[in-house]
Amino acid sequence: MDLTTFFQQLVNGLQLGSIYALIALGYTMVYGIIKLINFAHGDFLMVGAYAVYFFATFILAFTNAIPPIILFILCLIVSLAAGALIAELSNCLTYKPLRYRPRLSALITAVGVSMFLEYFFASLPFIGPSFRAFPDIIKQVSFVVGGVYLNNIQLLDIGLAIVLMILLTFIVNRTMTGKAMRAVSQDKDAARLMGINIERTITFTFLIGGALAGAAGILMAMTYPRIFPYMGILPGLKAFVAAVLGGIGNIPGAMLGGFLLGIAEIYATSYNSLLGEGIAFAILILVLLFRPQGLLGEKQSEKV
Amino acid sequence: MKKLFRKSTFRLILYAALLYTLVILLSQVIPAGDGFVLNNYFMIIINISLVYVILATSLNLINGITGQFSIGYMGFAAIGAYVSGTLTTLIWKLIPGSLTATSLFIVALLIGGICAAIVGFLIGMPALRMKGDYLAIVTLGFGEIIRTIINNIDYVGGPRGLLGIPQLSNFTIIFIIALLTVMVLRYLVFSSHGRAMLSIREDATAADLVGVNITKYKVWAFVIGAFFAGVGGGLLAHMIQLAHPTQYGFYASFLVLIVVYIGGMGSMTGSIIAAFILTFLEKYILPMVLPMIGLGVEWRMVIYAVLLIIIMIYRPEGLMSREAKFMIPEDH
Amino acid sequence: MPAEQKIVLKIDQLSHFFGGLKAVSNFNLDLPEGVIWGVIGPNGAGKTTVFNLVTGVYRPSQGHIQLMGEEITGKKPFAIVAKGVARTFQNIRLFGNIPVLDNVRIGMHKNYRPSMFDCVIRDRKFHRAEKKMREESMELLARFNLQGRAEEIAKNLPYGEQRRLEITRALATQPKLLLLDEPAAGMNPNEVDKLMEMVYHIRNEFKLTVLLIEHQMRFLMRICEWIKVMDFGETIAEGTAAQIQNNPLVIEAYLGKGVH
């Protein structure tokens, strides 16, 4: 593989990875705080994408006069809001009643929520199970740098992902809410004794995680402009692998895992499509066999 | 005779025989309208329910009895389906109807089951060192890998699937195999080996320190579960006459897990009942009821999901949280 | 300490580290057959860790452990149990959701070997083994006055009976060495006395050697023929009850309530 192709694939990988990273962050945050693998998380992405679809189609039906950047920002806000909303709704209606029940029932409920979202959207007459073309919010413009083909959408994906991650890191490390989140994920009971409102903190976690999934949704829809109700399944699953790779429950780990997985998948696909399909799961197995706590996670041991 | 009746094994076989006769009568003897009381579609649902009985009871052995939470279980069913399907369709090219065909079918099923069991062993050895969430994730990953590999083997159809599988399954064969599965698993669970598995579920470290070889039993549960999954997968493939990688992904695994959970983890009776209830619900009751309230058939999975969530919230321990007395052998 | 006697458990220079923390440092023991010896020390002294090392839960960082002459260092727990060691836990670890009888029968598991095939086809071998296991388990339960509880779910038993059940289960494995980890935890003085009688009784009836960890000085002093005192992983004193009671090091490190 020559240098140009290497860099080309690297950029492609970072783009894919940024989407994975955004989803993985939501997974890891929710797991960190309530030890739940939220299988519905990939579907929050789908909800965000559809929300923007309807918003953008509606706006563009009326006027073409809005500058693309402004339109994009509006759509982004819509996707963040939609993702956050659906996440907190799921939490409130289904995960909260099961908060102190066996973890297995919460896990199965998460699957139930996932099923519900997918089939619900597929059954709604104005959505349906088939693909829909996503409107062009920002026209794709390609340019070449040193033999490598880039386009503005790619840079947007990567750039926005980085911005959101910096924002998230700031919130988690510098604000009181962020501190509360870290406290609850370490020791729920101790946090309660310190006067932290557990449910409010959990809500906040879901809102942020969902918003990030929503952002991933709009980015994914702009990058691969066909949306359908099951679009969240595979990215969700792979983002989950990314979270495990980085260390489930570990926020920088999710970012790292997301980018690494994206890059690995792009390179693997360029060799062989079988490898590309399976690389995510192969990485999952290898990580769990040889370093189950992930790249940045901590080993857990049982006290006898 | 009364003494014989008190033996629960006898009761089990008796009720099974009665049920079997009833279904045969209703589907092949007693006429109604154009055909018979139980039409073809109904029989398909019964057959699918029976296959789910096989899948659910054996998954129950792994998850509910031994407490090893594994997803990705349908990967084993896929192996069984594809191996037996390849044998009957591509290699032996069987045609249903003759005794030879049926006998070879049974052989193919067994080989499929054994292959699944071998893969179960290879996966189980490394995977079962892990606990809790990690084990669930690793089994999920392995299930997906199996699916991905099959998707890329052109000889068995790859992404098109293995088509044209002869319809060698029928109600009688599936019924008998389901009955045998239940009996074998039941006898296994109500023995010292079953108790050893239960102890692992309850407290693996304590079990270790009371002399139970926990690795051996975890792997055995996994291998036995995989075997029956392979057989179930084979039966299913030879009923719907096709095997496709998408049928065996983690979604399919979750559907089986849901049957096990709703029936009550650790309860064989529960798995049997839940297998029937959930299959009928999804494939018969909902498609019938929905048009009555003005919704298309595509809404049945939505309702299914909602019902699932409601059951999780209001009765999370499932239908049968304690083993029903019916199933406990008197010599246990 | 009597001189010419079979040594059931021999521990040599046993040390164990958890990362940088030294949990056990240079622990030595020559445990003769048929005695009741004790290990005491403040919380975190490393006593339970020693038990864990002996029973194979952890592989020792350094040192050797021999059970009746056979090297068991680093072996897996179930293999060590098979050689004749049984233990109870600080926090009772029963198989909570299954009946009392089954808890004991699981203990018998390693002594009876019908194969899985035998179980599935329910042949004579299976039935014989099951009959024996059931009879012996009921007998054992009867010795500890638990036979009436046989069909009850273990976690529903009152605390005292759960403790007895845990010991019964341990005895079902037919051990030669019994390790008791704080058996008197959570008991009032009356119950402690009864427990003491039970330990003597077990030792004599089942011909065992007993090594126990305890906090409650009253219990330990009256029952143990020899006591080792640990603090911060080290053995700071050993001797008879009278000897260590007056040992200034022990008094300094830890001497709990209820001494007299």
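Brief remarks on what is shown
Order as written gives the chain letters A, B and C; numbering starts at 1 within each chain.
Basically, a contact is a pair of C-beta atoms (placed from the backbone, for glycine too) under 8 Å apart; a residue touches a chain by one contact, two chains touch by 3 or more.
Given the structure is predicted, the values throughout are model-derived calculations rather than measurements.
Distances from each chain's CA mean to the overall CA mean are smallest for chain B. When chain centres are defined as mean Cα coordinates, A lies farthest from chain C.
Work out the mean CA point of chain B and of chain C, and you get 42 Å between them. Each chain gets one centre point, the mean of its Cα atoms, and the points for chain A and chain B are 34 Å apart. Annotation: 51 Å between the Cα-based centres of chain A and chain C.
Along chain A, residues 304 each make contact with two or more other chains.
Of all residues in chain B, those touching 2 or more other chains are 205, listed in ascending order. Annotation for chain C: residues 57, 89 touch two or more other chains.
On chain B, the positions that touch chain C within their shared complex are 184, 187-188, 191-196, 198-199, 202-203, 205-214, 220, 331-332.
Contact residues of chain B toward chain A in the complex are 69, 126, 130, 133-134, 136-138, 141-142, 144-145, 148-149, 151-152, 205, 250, 254, 257-258, 261, 265, 295-296, 298-299, 301-302, 304-306, 308-309, 312-313, 316. On the side of chain A, the complex with chain B involves touching residues 35, 37, 94, 97-98, 101-102, 104-109, 111-113, 115-116, 119-120, 122-123, 129, 237, 240-241, 244, 248, 273-274, 277-278, 281-282, 284-285, 288-289, 292, 302, 304.
Across the complex, chain C meets chain B through its residues 55, 57, 76-78, 81-82, 86-87, 89, 93-98, 102, 105-110, 112, 114, 116, 119-122, 126-127, 129-130, 133, 169-170, 172-173.
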